[in-house]
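Please find the structures below.
Shared chain: chain A. Partners: chain B in the first complex, chain C in the second.
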Partner chain A sequence: MKDGFRQTMALAHSWAGLFPGWLLYAVFLTGSLTYYRQEISQWMRPELSGAAVDPQAPLHAVERLRQIGADARLWRIDLPDARNPVTEILWKGKEGGFRSDLLDPRTGEALRARQTMGGDFLFYFHFDLNAPGRIGRWLICFAAIAMLVAIISGIITHRRIFADFFTFRPRKGQRSWLDAHNVAGVVALPFYLMISFTGLVTLTSMFMPWAIQRAYHGDMAAYARDLAGRGIAPVVLHARPMASPPLSSETVDHVVKRAEGLWRGGRAGRILVDDPASGHATVTVERRDSDGISYDLPWLRFEGDGRLVARHDGGGPAVTTQGWLYGLHLARFSGAGLRFLFFLSGLLGTAMMATGLILWVVKRRPKDVARARPTAAERTNVAVIAGLPIAIASLLLANRLLPFGLPGRMAWEASAFFLAWIAALVNALWMTPARAWIWQGRWLGLLCLAAPVPQLFVPGSGLFAWIGSGDMVRASVDMALVATGLLALGITTLMKARRSVARA
Partner chain B sequence: MTAFFAFIGMLCLCLSMTRHQRDVLGRLLSTRLSSGLRGAGWVVLFLSFGVALPDGVLAILRWIGELSFAALAVVATCAILPSWRRWAGRR
Partner chain C sequence: MALVKQAAPGRKAVLNRIAAALGGGYAVAALAASTLAVMLPGPAIEAAVTAHLLAYLLFVLVALAVFVPRRGATAWAIVLLPCAVFLLAGWLGSRG
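The block that comes next holds the complex of A and B.
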């Protein structure tokens, strides 16, 4: 009976692992890179090197918005921080559309950077695959549920978690892949449980909408408002006066300083100004998301004359729980060390997916190697496991090679990503997997090594100039690319050498 | 600091298992030494938690992550050591 149960779990594990596994590999890899979303964004906008955080940033941003968005209905100012030292302003015009700009925090001058999604491309891919409509999100929902199924069935199937905890036997074929999959799966198990559960929490409103529909009578916007804390009966300190003096940049600067004082050293991250043009402007200051674990961010709302009218310091128990779980998933609270650990854990999860997928194929290979024919799963493995990194490296290289003022530049970068991936798929379908692994490994290595090169030809820019000027963020991305490139080439050379030994 | 403790603790736990004694050390340790190592491993791991605990939630999150990679480092060490030993023995 017990063995029967375990076999059922093994079956669940291998099938919940296969099709969602390809998707989850992509989700894990892009998700891990998203921990460095801001850093990748900085790298993808090399023109902005040298921008620095400045306490005058809110003042300059409001002055700028008063010039270019005077009749706007809404202003949004994302204040600079160490990970993203530029001010981002966004305003909503009378006709409805949003417009945005990047400003130098020290002067308020608009910065001219190439049109790019930056690290946001990987961030969006992580949860909606950049697919049209909601198809991507539904696929991710399905994969996330399969992930939880695979983790739990995997724990049950793995009969010797403690006895095999440290076991890795290299150069033993299937045995080694199983060991690698087990080690990668077991050592970071707390992370996988946390990340897949919290990932599901971020998507709850999609796959379990019934409670929300019932409580809010189908008004999802009201639910979202409540969750953001804007509907949870904020403490109203004063009645709203009929008219206030026009909003000045000094007022905004003053309320930001006051908010930071009220948070006892907490920093402001975002400023929202409603109706800046009218005499009824309100300024909402939101706390920075790196200040605490919870994503339920505290905010303070002021009148145009600088009086505090409402505040939010945290919602009810449900919102608090959701805020913590969401916050844990995003990990925006973490400093450099913890962020690196999250990133490494994510990469280990990626490795767990990759080894699991390879194991699936190796296990089903016929005993007689000479008669073995490559299966569709084996080809898909190459196209996904090697193809996705190739696509990402192509995105980064395209960011450097596409002309600065190309119309629709953002879309071209995305096309480079998908075209490279399609090329990898075609290659995997046309070559035998053993050769395709080596081809694609080399391509990946070359693309990663090529990505830092174009910037070296721009005066005062590129890896060495960045190290010289202390721009370690961009330099680190370059160095990570070089390291990845060398690693890919190294592994490929090793694979090729071993294959020729096996043949001889 | 916590990472170092975590690594030492994990290494002790690993070496308290007969399979790894055979592969890494090339000989089996006495039962007393093995159970001593196991006990010491757990104590050091708890100690590493104790170092993280007073620094709050973030330090505990960090400790969990460090524990994972300490274990991974031990696995790598144990996988590399036998071949290194063979190589040293051949000379």
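The block that comes next holds the complex of A and C.
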């Protein structure tokens, strides 16, 4: 039985691995970068260098919202933290529709930054692929299942899993790709298991909504309320007062401090104000997501006069479990060291996909090299493995080059990403893959090296100024770009040298 | 490697298993989620969340299991049997 299983599995893995491989390569690469979403966002908004965390942030944010969203039905304030030193406000107008703004936490003044999605572009692409409808998400979910099956069956059937971990035979063509694929696959195996299962959990309400549909008779909003503990009727401690004066910023500041006191060290992350203009506004303070692993966030709700009327300290066992799974995927809780490990594991996953895809092609190459004609899979490999990083580098460079006040600037950045990717695809279709690898490797290197350059011409900004002023977040993104650029150029040069040797 | 070389499974057989794993696995998971959501005790939110987390585990189990049997019919039986059980349980549950 076991050998039949092994063979069927091996066959399924080796030739059905191609399509999910392309998909998961993109998911892993953009997902790994998403661990540094806030840092990339900061880099993509270089004007916001002055912002800093400030205890007065809630006070200033409410004052600002009272000026610009006085008749709104909902205010939402995302407080600054060390990784994201700006206050984000969002308000829902009387006729619906949301508007948002970025504020300086120290003054409450609107920050004038370039229009950009920042790191959020990569975050959304990671699970949506910017595909029409929800097709990207569906494909990714099925690919995640395929990956779980591949990992678990690999553990069951792979007899030499330990030995393979220590096996690398370089410069042996197909065998080297196989060894590299195995090592990348085994090193971070627990991470791959965790990340693909928890990834499915994050998309449950779309991919596996049937439990919710049945238990809530199709009312997804009721599920969301229950999940956050908001559907449970609050304990009303007192009868509602007739009407109190409109909410003051001092009240909000006061309840935030009270919430942080009640959490004993937990910090407030988000403030939600319902019906701020009416006499019966409520203020809900949510704990910061980076204060714990679980994403089942505790919250406290206060009346406009500062009385605590409801609280949520975590759901039941199932909700808690789901909160942990969800939280593990997002890794908001992780400090710098753990975050870097997550990032490295994600990059290893990316490498596992890339080496597997290349192995797929190398294995099927006819023995007679002279008669080998490039296949569609080989060309697609170039367009995906080299093309996606080119697209990402182009997005970052476009962020620097597009004029500040350009209408529809955000969409232009996305266009730069996709146009660059299409260019890589066209290039891979028209050149032989061997040349296209070198061509695209060079382009990737040059784009990565170019991305930090424009900011050097802005006074008081750019890599050297950031190092001087201790702005290590933006400086690190710049240095990562330079390192990636040099690496791409180095690998390309090596490839070119080996090709010339092979031909001579 | 086995000493006696067995007939390698054909492409068609593997495609069949992949369809059973992804399509069949999804069907089992969806039916399990929907049935368990109303059968499990406790508040609705706990039942629903337990149901879809268990459904994911079942999905992976079924998707693995269909690759084990030699015959394609057995693979589909692994899919259809739990489907029938959950349908029946759901039907009985909705009557009670």
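Note that the second predicted complex is superposed on the first by the 483 of 504 C-alpha atoms of A that agree within 3 Å, B and C clash if a C-alpha of one lies under 4 Å from a C-alpha of the other, contacts with A are read in each partner's own complex, and residues count from 1 in each chain.
Going forward, contacts are C-beta pairs under 8 Å (C-beta built on N, C-alpha and C of every residue); 3 or more make two chains touch, one makes a residue touch a chain.
Remember, predicted model here, so these are calculated numbers, not experimental data.
Student: Of the two partner chains, chain B (first) and chain C (second), which one does A:322 touch, if any: first, second, both, or neither?
Tutor: Only chain C is touched by A:322; chain B is not.
Student: Could you tell me if A:377 is touching chain B, chain C, both of them or neither one (first, second, both, neither)?
Tutor: It touches nothing on chain B or chain C.
Student: Which partner does A:293 reach: the first (chain B), the second (chain C), both, or neither?
Tutor: First partner only, chain B.
Student: Looking at the overlay, does A:212 come into contact with chain B only (first), chain C only (second), both, or neither?
Tutor: second
Student: Determine, under the contact definition given at the top, whether A:11 touches first (chain B), second (chain C), both, or neither.
Tutor: second
Student: Should A:341 be classified as contacting the first partner (chain B), the second (chain C), both, or neither?
Tutor: Only chain B; A:341 stays clear of chain C.
Student: By the touch definition at the top of the document, which applies to A:188: first (chain B), second (chain C), both, or neither?
Tutor: First partner only, chain B.
Student: See if chain A has more residues touched by chain B or by chain C, and give me that chain.
Tutor: The partner that reaches more residues of chain A in the superposed model: C.
Student: Of the residues on chain A, which ones does chain B touch that chain C also touches?
Tutor: No residue of chain A touches both chain B and chain C.
Student: Touching chain B in the complex: which residues of chain A?
Tutor: So the residues of chain A in touch with chain B come to 163, 165-170, 183, 187-188, 190-191, 293, 333-335, 337-338, 341-342, 344-345, 348.
Student: With touch defined as at the start, can you tell me which chain C residues reach chain A in the complex?
Tutor: Within the complex, chain C touches chain A at residues 1-2, 6, 8-9, 11, 13-14, 17-18, 21-22, 25, 29-31, 33-38, 42-53, 55-56, 59-60, 63-64, 67-70.
Student: Residues of chain A touching chain C in their complex?
Tutor: By the definition above, chain A touches chain C via 1, 3-5, 7-9, 11-12, 15-16, 142, 145-146, 148-149, 152-153, 197, 200-201, 204, 208, 210-216, 223, 226-227, 231, 315-319, 321-322, 325.
Student: Across the complex, what residues on chain B touch chain A?
Tutor: Touching chain A: residues 10, 13-14, 17, 19-20, 57-58, 61-62, 64-66, 68-69, 71-72, 74-76, 78-79 of chain B.
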